[in-house]
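Pasting the structures here.
Each of the two complexes below includes chain A, the first together with chain B, the second together with chain C.
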Partner chain A sequence: MEETVETGYHALPQPDELGTREKEDAMGAYLMMFASIGAGLPLPIINLIASVIYYFVNSKKSRYIKFHCHQSLFSQLPTSLMNAGLMFWLFQIFIYDNWEYNNNFVGYAVMVGVFNLAYFVLSIVGAVKARKGQVYYFLFFGRLAYSHAYKVRENDSMVKSAPVNQPPSM
Partner chain B sequence: MKTLRDLFLLAIPFVAIWALIYYAPWKVEEPGLGLSVENEQELGRVMVEEWMFEEGQTQLLGNPTVDSALDVINDRLILALGTTEYDHHIWVVKEDQINAYTLPGGYILVNSGLIEFSDSPEEVAAVIAHELGHVEHRHVVSRLVKEFGLTILFSVLSGGDPVLISELSRSLLSSMFSRKQEAEADEFSWELMAKADMDPRILATFFRKLKDEYPSMPDEFEFMSSHPHHNARIRATLEKSLPDSFATVPLNLDWDRVQYSMGFQKVKGEMQ
Partner chain C sequence: MFPHAFLLLFFGIWGSILSFISFWIILFTGRYPESFFEFQVKLMRWQLRLNARMYNLVDDYPSFGLDGTDELTSLEIPYPENLGRGHLLLKAFFGWLYCALPHVFVLYFRLLATMVVSFLAWWIVLFTGKFPEGMHGFITGTLRWGTRLGLYLGNMTDEYPPFSGRE
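Entry: the complex of A and B
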């Protein structure tokens, strides 16, 4: 892919420039969140681990996949942290407060619920768009992921260095 | 810059949801207890008479010196308490654990171990005042309603199934109050002790002594163990200020004699 010097970002690939495998890998970044649920482990930390593994395995394949892996992982981090916070709070209420909760807890629980729902819906949309070869920007996380995946950097591992293997001198 | 703006835009609706519910005019309230004080007292009577003493789960200490000392303490506290819906019964039972229990209907059991451990009658008074706080705030019955439901409690009142009574009693002796309830009882103890012309900070002193004696805080210290933050609790008790005009009136008791009578009773029991 060519660098776009004017903007400082690499050019975005268009759907027809992407192979099916690339599109499927990008879609997989979003679908990893369902993998652990499918495995019968609906724990937030398992989702996160699955996403991190997927990220390390696939993000170096192409910038398009890297963008989707980043977007999925970045959006999952706060979701998992908030879910873990909710579990911790709930555990405290169970242990120390005999299930007595207040508006503060209810407010937090509802907020986490809405955040999860939004994350769930956006992940589906992101996965479908990724399969079609399109980029879909989540609020805040989309911009962050784009910057990480497409910004022109020195020492970029995806920029091909001088070929190591050379033909013999004839 | 735009990324920061996005973060701000993302955070606003979620923080707004939290704040909206936190400051909402409707509050998550405790469910109504649905059990009158009269019913609660009857429940307490059934539990004490048909389980605790009848089945030999525990027995009264039966030491006249201790009983009369406790009467002096109770009279001071009950007088300061003023009008109350409860007819309080405070007894000393033969148990070595440093503990006190509150049962429904104003029945408070103080273990003989607690009397032995206390250096002054005011320390015992502070613990009893704390337990009175649980009674007056109806913590015991709210715990029972939450755990067993009203139907079971009413069935105990109407029929007195011994298995159910035993289950209720065991549950009360083994489960703990919430942090909020303990904080309310501490607050109550503080107010009551001050009203009764005794230094309310003595409860914190007693807790600290317990903590020093038993750093690991075993579970049997019911009124301590439900508090992971007992340091904060001690601090809260000590931080409250008393009016300048406050003066303590000591309880007119020979505490050494009370404790000596317990030791004597113990030795006598062992010899028999």
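Entry: the complex of A and C
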């Protein structure tokens, strides 16, 4: 694959340049949102832990997989934090009786629900696109993941450095 | 056993996560993701290495890790290029009835027998230094049977497991 050092980013692979296994591994990154169900522990944090493990296991395989792992992981962070906040609030109301059930709680719960739904839909779309060998950019996180995965870095082993041996000057 | 079991617990949780996700991937694509399949096979090999030692089928200490090697046990599972989606749904809804129930029922008694055989074999090995071949074959067959059942119920093959531990 050619590097486009001029633009500062590596060239994006086209669907026909990617193998089935690579596409499947990229798809798997988004499906880590179901990890807590698979583990039999209904805790949102399990999904985040699974995404982190999946990232470290697979991200070095290729830039395409790294991009999707990054995007999946980054996009999961806000929803995980919001879910944790909701759990904390729920515990304060129903378990510890420290706070009262009020409209603020309902508003927050609905907002978290909408965010989770959006995350779910986006992740499914991302998984389907990844399986087809396509790149799909989420709002904000897409650019961030692209930058992380495809930006040309100095210590990048795939970047050809300037040749050391030069012909004599004539 | 404890260090292996401790590590296998966490790898097993990861395996069940991948298995659950694989179910949905097979349902929509008809393929078990190759890297997920490889992980499951390596995990099964690790469990087999440990089980073989627990039943005294082989000597020496089992190697750790998914990439651990073992000259005394082998488990080869061909990768299925395509898996039937109808078969997958059949297994999901009725697998417990036509596969898990009859196999677990028979395997339960076979496992009890395996425990007894293993106990007897332990004494025989202690006094003679030799593991009787028939007993060895019986215990190996139980492990083989359990592995085949796991493969089928884990959606790694569409081939119904035989009611036997033979090769």
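By definition in this document, the second predicted complex is superposed on the first by the 150 of 170 C-alpha atoms of A that agree within 3 Å, B and C clash if a C-alpha of one lies under 4 Å from a C-alpha of the other, contacts with A are read in each partner's own complex, and residues count from 1 in each chain.
In this text, a residue touches a chain if its C-beta (ideal position, glycine included) is under 8 Å from a C-beta of that chain, and two chains touch if they have at least 3 such contacts.
Source: prediction; values computed, not measured.
Contact with chain C, but none with chain B, is seen for A:M27 once the two complexes are overlaid on the shared chain.
Look at A:A50: by the touch rule set out above, it reaches chain C but stays clear of chain B. Contacts of A:R131 after superposition: chain C is touched, whereas chain B is not reached. Of the two partner chains placed around the shared chain by superposition, neither chain B nor chain C is touched by A:V164. Per the touch definition, chain B reaches chain A in the complex via residues 2-3, 6-7, 9-10, 14-15, 17-24, 27-28, 30, 143, 146, 175-181, 226, 228. Contact residues on chain A toward chain C in their complex (touch as defined above): 20-21, 24-25, 27-28, 31-32, 34-35, 37-40, 50, 53, 58, 131.
Those residues of chain A that touch chain B in the shared complex are 96-104, 106-108, 110-111, 114-115, 139-140, 143-144, 147. Against chain A, in their complex, chain C makes its touches with residues 13-14, 16-21, 24-25, 29, 31, 33-36.
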